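Look at the two complexes coming up: chain A is in both, with chain B in one and chain C in the other.
Coming up: the complex of A and B.
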């Protein structure tokens, strides 16, 4: 059977980063993003230091220095939400496009947002690339992220693939019966809309029925109202030392700007 | 402890009014291996869901001597391992380890014992190397084996299997049959695969339209062409 393999981000390896406890990695990632967020606009040196930090993580993970860099471009379209800033922030004019004035202050803000989001995405990319999804799930549970939320993410991860496979089969069945003779196939837009709507409804029903069967399978194995998992491994000193070094690094980056 | 399944005059209708079971009576002795055959919609899966108290109809169902009631559900679910037809429904955890550990963990067993049971169950289905695999990346045959391991880890006395050979290629099917032969538990399995029935089950029950229409030695039933044809089955 042909499967859909939705991009599973994990790249197996045995580097320092892969071996870190997933809790440490989640905390480290969040701290990095917070640091990038609180840095003021135009703090170019700290930005560069943050980028070097994310580069160091990529190198230590042995995925190569360009691994996160290449994938970080997915963030660019979101940064474009800030594209209006150079035009709307009032300040020293540096260029004129028609009736629009580009201000220096606005441009600084725009560039800062662009860089901050870009380095944040680079570090965030490393988390799923070096951590198995199942490990992220228990780590999230351990970090007191609400259980229903972790449960939803867990089931979503398990069944997104199954759901996508089902959608693929439906699409294939439609394609197999969508013949054209003398370019007269296809039907009206209204008719095609009805077919597509029916397919979405069909998928929803199937998902609903599957969820009932899964629930049955869960209660027949003793599930009552809370998912129990095996106790996670203890944090080692090694993990804690690395988190400590990471915090010192982020604190230094902030201090350089604020002192 | 007697590892029996006893059903007497069991009736069940779905909430939409569709009557699925019209008075089923059946008894399975410890260690027996029994096949349940019959056309689609005969009520086989509905009957199976009663053995874990997921559905509760009129009449009586006793598992290992215990009547199925709210108070006995935990015990009943530990003694009857119900394996669903679609392994994607049975395997709902991110990894094989978590799925096989699910049953024993929810029975409240201590961690060390859970881990021992997981190892034993995976060894029993010959899948010890799959501990950290992700369920989605397994083949159907592998999923079926893991699905059986997810209930073996609960140490059930009775295995109830819904169409275990459905969707398997010949090699995976043969492997599964050989695996089931090695299991000591009482087995009650529904199937459309009558060659599988002949290979593994000394006793066969035919169900049609919510009733048991035949119950006896497999040799005899599988040679009764008129009976088989009357219920939409074919002599293997």
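Coming up: the complex of A and C.
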């Protein structure tokens, strides 16, 4: 019953990307997004090269180019935040709408922000799609993210879908009790809010009580206030070579712009 | 399950590299300190309790309030977490929620994650918790005062988090300050009401079913340091809002500022600043009104703090 959006993002497969060490994938993803961030506005050729890179990763993962493309517009609504730029940045006027002047500089900046964001999303979604979350958590720990934080996130992930289902049952129960005609239900906004608030309060208590049970179960199995993680597999030369190639690629994308 | 992203999740590309680095530094410092504080508060329960509550906040964000016309609003949850477990615990819970949303669902960017954690985790938790505690001191220890304090805390936390996001976008050159801040403020003035109503509903439910849980947040560590963080955040906000005026960088913001005669107006008394504000396609009164809301937020915040201080001194 879970909405597609909340389902596990991992798409199992055997490909070059799936087989990479998760640490390498995390570092590679961050480097790519940092490269996209530091590129100046209007660097069209480097943008295109970055997009080709994200496309190459999508193809190498055998998820296909359409996979990344389909969900790449998730950040697009946020473009609203930058939409005034073409009007507010002073520069070469290129068009006139009423009393508003669209400047070339402003349009360049607006498009650049959009492209940077769009490319970053395409590479970011490959990480959970090709890596099991457990492996990501393990890699985070290896990359020196504090143990308790990784522990909290791993518990969160473990119970994410449990609580999503609980919330879903609450929502279904509310829907079953509430008749609507033409999308119009009864009650004031205040009343509806109180009902939703009651559902959240209900969920709070379930969460608390469940966490007590979980902690007791952990204690009875010998938990000593610390999460232990099995010894890491070693990085292979193969992984390191791929990271090296990736860094060379990103460096040349940046060099093209800055030389 | 319908999962609707809140407009506070800044994607990659919308924050400049320098701003992103500052955000990461702030977020890492806040998380590191929160880990130490909650370890002392919760001991071995720290990991399972926070993990389960993070999963709960994530799920609770899907419980929507139909607003009408097919649209609906939902909870962010930072304030609720802060009221139940104290601000430092809420920082960890919200950091986990925001982090997982970024990694798994690309809801919010990786470079922007630092400031997303600050806006949605640290600021909401601290302003909400701080206002809640201070108002409860003023209004007395009753069910209604708790609910009112929760409502005001919920609304203000959204407003301040949103204004902070607007300022970050403006400093990054993604949107002019006089557009970003009012736009974020007006959207979140509405979303803040939903946050407030759901928080109140949840508090009322917990109050009648298990009042003992609400005592955990009361005795959470670092009450005074939490208050100072609240004050610091408010100050930082004021400074950040006006720092672009002093920026030596002639690019971006200052160009915009020059274009709108912002510098001249800033030199004029403050009451002149608001009515004279103009941007091309929004009527004067609207922008003035929104900025007034943002300023009013800060003023209410300061007043609440001062009264709380006075009250505390009187009690001592």
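Quick notes on this one:
One rule holds in what follows: the second predicted complex is superposed on the first by the 229 of 259 C-alpha atoms of A that agree within 3 Å, B and C clash if a C-alpha of one lies under 4 Å from a C-alpha of the other, contacts with A are read in each partner's own complex, and residues count from 1 in each chain.
By definition in this document, a residue touches a chain if its C-beta (ideal position, glycine included) is under 8 Å from a C-beta of that chain, and two chains touch if they have at least 3 such contacts.
Computed from a prediction, not measured in an experiment: that's the story for all the values here.
When the two complexes are overlaid on their common chain A, residue A:256 makes contact with neither chain B nor chain C. Legend: residue contacts after superposition of the two complexes on their common chain; A:154 is shown touching both chain B and chain C.
With both structures placed on the common chain, the touch criterion links A:248 to neither chain B nor chain C.
When the two complexes are overlaid on their common chain A, residue A:223 makes contact with chain B and with chain C alike. Look at A:167: by the touch rule set out above, it reaches chain C but stays clear of chain B. When the shared chain is aligned, no partner comes close enough to touch A:235: not chain B, not chain C.
In the superposition on chain A, A:137 contacts chain B only, with no contact to chain C.
When chain B and chain C are set side by side, the one touching more residues of chain A is C. By the document's definition of touching, of the two partners only chain C reaches A:207; chain B does not. Chain A residues 1, 3, 133, 154-155, 157-159, 162, 210, 214, 218-219, 223-224 lie at the interface with chain B in one structure and with chain C in the other. Every residue of chain B that touches chain A in the complex is listed here, in rising order: 49, 52, 54, 74, 77-78, 82, 84, 86, 88-95, 97-98, 101-103, 105-107, 111, 114-115, 132, 134-136, 140, 150-151, 154.
Chain C meets chain A in the complex at residues 1-3, 5, 7, 9-17, 20, 31-32, 35, 39, 43-56, 58-60, 62-70, 74-75, 80, 84, 92-93, 95-97, 99-100, 102-107, 109-111, 169, 173-176, 179-180, 183, 194, 197-206, 209-210, 213, 252, 255-256, 258-259, 279-281. Those residues of chain A that touch chain B in the shared complex are 1, 3, 132-134, 137, 154-155, 157-159, 161-162, 210, 213-214, 216-224, 228-231.
The touching residues of chain A, when paired with chain C in their complex, are 1-3, 5-6, 9, 29-30, 33-34, 36-38, 71, 74-75, 77-78, 81-82, 84-85, 87-90, 99-100, 109, 113-121, 124-125, 127-128, 133, 136, 146, 148-149, 151-160, 162-164, 166-168, 170-171, 183-185, 189-190, 192-208, 210-211, 214-215, 218-219, 223-225, 227.
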